[in-house]
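Below, chain A partners chain B and then partners chain C, in two separate complexes.
Now for the complex of A and B:
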């Protein structure tokens, strides 16, 4: 996978080509080339001396079609010199990346020197031999209660966040990036921002500052006004850096990639410029394989320490989950965390739609010996009760709450408690798993014991489950006051948890 | 992978990702292999036009440049078939993954394990006359499967030479039949079905040990099944159960575009699984083809053909083989991508116009046959389908439904209600029910067709009433219909549900299935009599039906006696109801 170190000056061939036949969109067509291979990395020198970079998308006899990462704006076909590296784009890898902030091409924007590494590797990566993969089995704890309890992230998993415009997905991604840990083992985060606005980019920098200062973070930021095509490179750099940190240096690495919809749009732009036959919604037909070549770089390897966990964030255009980007992503990834506009409107953060969210590897990474013995039962019971509560809610909208059975009414109380006490948490609050699960218990105990059939009787006894949990409150009419008081108490507890 | 004719060489003209154009040269035919560049990247000819050959490459083509050499492979993509397949894990081109490192590097030669020697025992003498498909000898000690060396298709005549008993590598010539050399292993083009003497014949039930399948939607040896199911419907578990318990001799598992971590799970668990049929390891009669979604797209496309070819190879030895392809939707995705790359005009949702015929051709490789050697063998194809967003009208699901004999449709609501296997009785079908019913009746279970018909009718009636109950409540139904609702519940919980994790019930033999159905039906009849005699339905509903509901869990897989005991206990309990 690695290669001898080569200094930056020696990788360029001696030959520079000057015949540019065509400039169109992000593409430059170079004439008269010989021996240029597909996917080679290209350096373009403008007359002004400015340097740009590109990748060979196609070679047809003496013609090379180059995708210019910095875009073709301001390029005049005369006076351009093009040099080919004779190989794919390689970047130096190693712990030198930790603590650095770079743009989407990997050039520092933190005022520091270029990043050096002991070896350089091709950014395209190679598929992991399925036979050499170790099935994921340990959790990454994010400190976000709803995620840890209901869609546990597992080391080596790829778990996307599906969101829509206007929802705090970037806040959630940044919070997960800032707080995640791997049970005391060495942990690092590579955050790849694609098409972020400047306020978003500076938000991410601020939110992750602590982690960066601790030398646990690599930040690659491609902003919305940065060249669009550069975004095609950004996740590949991030994953290449992560693979080395994980499988050579033995760290557990979380790669956050936001926003994958912006990435796919860059891909579409290149495809359109090449005149390829468009597939669904004009995305190229190879979108599935392209996304798979990114997402599938997560995992663990037999006999090697470390893991790469991938958390792509994507906004579904117009909230459409059947849009090609979320649809194909869902095909490849192991579950999804879905954010909901309705929950967001209630002022709950993170606005996770628990019933639509799923971590397919949770059974492997949570439960006895992984997190806590009662974890999976609690999660199953929460989801079952929530599903019932949603049905009841629909019924209540039709017939009115007064017409509901007492059990049904308890489910409405449960849903409220679930959102306000269990899901809702502060954006800078890291909730320990024990506290998350204890809160889950409190929320579940708002239901009559007979409704908690997925929990073992011994645990129900230990937690004092009752058949008439809301009886006194309803009798005395102090329902709202009492729960308010309770809420404040648990808030205090939360803060203590955050300090620890 | 075909003999390489080194003398003919040509050069690369154009490279655009996996699509490469090379100059035409003699010996390049449609669908032939071409090896590109110094690394010899394998690709397949997909078009020849105006002196230019278009090649789809099975590997990453980074660095490949115009002017690089290209070498026709002299034949189509072929699979190397031999006893070493059993227990092995291969990529889509049937190259062993055990020989590769942590990362799959394009063009790198992968250790093929040919150095292993196989113990050959001749079964004919020199001078004997043999015809195609007949047995020449046997590979001894290869595991639970009896692997044989056959006269290749198209050959036949006098055995001029036959090797004596002893150890030989896979490529060693062990016999010469009328000038044709026969080796322990053989090669076969993956896209060409291996010939048979005759297709069809008396259908036989493929027993899966899964009650809902064996009872309601049986499949024949040589049949075809599609298993559509969205995320989290328990598809993988169901397919694994079938791989583990069905009465086939060899299982070919094709992970086509699977997630890497899921494939890793399958690979990690397989050697752990005991083989209930042989007492050994299930892996020893399983061939696994693993082509994850990030492995090259063309190899994914090839992988299901590779799997079918492996199955036919074992079928020709007179074995019953089951191919499990998970998932055919990913394979279709590769077809779509491939069509888009070659500039083919898209039909439905971007899939090529040939999608339906490609699906049909794949499923046609299934069948119960009389082999060239005159023995019975079969290939059963079970293809998982993953409809995006659970949309059953999308092209892959819609076309697949037309070509298969059975559809086992997995239902999200059932999975959600923890009814496993979550096989929907209203959304599934088996077109072989009548034929297999007649067959069951002929081989000693004359009540089979009637039993199945009653269960199906009962479930349909219960479903109809369930919709009504949601609207008006159970108490508004007449008593007889309330018994029908109850009967539906008893069938679902007492017969159809089956836990893959249960020690006693993961597998269920035909006699236990029959006993369970008879027990439930007898109890239902008794309930009807009670209601007819004036007992209110509410009283009957309140009876604890635990003996019949727990019977499936409590008795062993063959214990129909145990079921009968519990049925009698239940009937006794009902006699006390008034």
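Now for the complex of A and C:
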């Protein structure tokens, strides 16, 4: 980044320090410094003219410990010049970021010039006065049926995706980033990829190509082989860019951060290099406040247009939801979307575990005047029926399906329909909310009317709910599986033939 | 008991024969009807299945075609965008090169000595009066004390000025 320190450094040249006591791993110890502050951004010039960057970790009398973002590999302590910029890392902000692809440090990797902006802002951000916060409201529609209907994302909310390795969380994050909208209002996405493998990074670029070309996307890609310290900057950069796009330019901005576990591991690595006392699973004791300093940057501001919505994706090592990263994230965020290995094994995408997922602010973004009058009732009824279906499934494991009551058996049919017809959708399919809710109705109507007690009678009448939905299906013979339908019919004929 | 005359047997068996024949006919008709119906149904089923397969194939073909078209469009868009960004970067690099050249020309300006004097004053303010000041062959100067250094070469000054200009560079490609 060529212009981070623009506002801080003098055009006539500042003092550069040349006495390097030691280079160790990512750390450089500089001697004889004066007036250097903690977390100050550092520009390091090598003898070859190559520039690297760093952050001040520690200052003690005349000694400064600098963490080199690009690592100290290949550096000769005798030929290094270190300039302190007098302030924390700043980046230019503005719409110049839209349509650009940069690395985790904000340097372009799309072949273009540096990103310019008329103002520069410290990436650390500043906490929002709680009294200036406007409560989140109005939905962000993701085009993913299961998310929109059951865990509606609300503008200004922070809603994490909890996943485990091997599940398609990156696909889901990219799909949400590619197709989310804010009801026709100006909308942008900042996607911060952290610790991505190269195939993953290239997948994300491809998936978001259209949005990027439309000038609605900022893509920051920190790959797995990039310097680990850079990974700590990536989400902060993303949020700083998003805040300006939202609160100055009046856009609704969705910040997708994947994978936050990778970020937390980078934090652990840096903490270990600093020699800090480790806490749970060797993560630093301040993991909670560090994560909060990121997640709490979302929201809406009184008297300002726009909103920042955060969708962090994190993988739970070994599927352990009590692991410090999901555990602490869960304390800060407003709900979670949980992906399930079992649903994934059934070949359903997205493998959302609806019963474990929750959007705590859903009521502020869905329902009459926001999405559709029947939205909240449908969601409640779907979840209630699903909970019953899960109990029935457990019972069936014990006593066998044949011993279940007809109503219980209808719940199993409902669960199957829920997964196959409602949750399952193509990875490139953006499902409009109306279609999602209509599909939800179709799925609910596989249950007897008496089981749909959470839906108003008028709506049940309007949708033709019946006490014997199974009979209706047989009568009409309408089934999505045509080949099965034919098979069933020919079996009926065989039976009739035998009677004759 | 006597053996019945053949014509009597004939007469007695007639109803049985008639009935057997009728039953056989009826069964044949029923069988034929059923066979016809089953054949018709099988045919209907097969036709429906063929239609489904065709529709499915058509849908799949359309989806594949659309996906391929989307890929081609995405590739073209990406190539166009890459060209545009490369052109911008080249314009920006050219600007930096020209600005650096123009600043270097300051060496031949009549007031160059006074520029050096001001730069020397600046470096001594930062590093103290004992600083060693070396005039750089490319223009400007570098001042040093042990462990510290100030770079006031003309190239460095030009680079810093360009960095400060920042967003103004965008006028190079702004419509």
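Worth a mention:
Methods note: the second predicted complex is superposed on the first by the 458 of 500 C-alpha atoms of A that agree within 3 Å, B and C clash if a C-alpha of one lies under 4 Å from a C-alpha of the other, contacts with A are read in each partner's own complex, and residues count from 1 in each chain.
Keep in mind that, in the parts below, a contact is a pair of C-beta atoms (placed from the backbone, for glycine too) under 8 Å apart; a residue touches a chain by one contact, two chains touch by 3 or more.
All values derive from a computational prediction rather than experimental measurement.
Contacts of A:79 after superposition: neither chain B nor chain C is touched. Of the two partner chains placed by superposition, only chain C is touched by A:17; chain B is not. In the superposed model, A:118 makes contact with chain C only, not with chain B.
Once the two structures are superposed, chain B and chain C can be ranked by residues of chain A touched, with B on top.
When the two structures are aligned on the shared chain, A:135 is found in touch with chain B, with no touch to chain C.
Touch criterion met: A:92 reaches chain C, while chain B stays clear of it.
Across the superposed pair, chain B and chain C touch chain A at no common residue. Contact residues of chain A toward chain C in the complex are 2-3, 6, 9-19, 31-32, 81, 92, 94, 96, 99, 108, 110-114, 116-118, 206, 209-210, 212-213, 428, 482-483, 486, 489-490, 493, 497, 500.
Residues 30, 34, 38, 41-42, 45, 48-49, 52, 67, 74, 77-78, 81-82, 85-86, 88-89, 91-93, 119, 122-123, 126-127, 146-152, 156-157, 160-161, 163-164, 166-167, 169-170 of chain C are the ones touching chain A in the complex.
Note for the complex: chain B touches chain A at residues 13-17, 21, 60-68, 89, 97-98, 100-106, 231-232, 255, 257, 259-265, 267-268, 290, 292-297, 330, 333-334, 336-337, 339-341, 343-346, 349-350, 386, 388-389, 391, 416. The residues of chain A lying in touch with chain B in their complex are 1, 34-40, 57-62, 86-88, 122, 124-136, 156-157, 247, 276-277, 279-280, 284-286, 288-289, 292-293, 295-299, 301, 304, 321-322, 327, 330-335, 358, 360-361, 364, 387.
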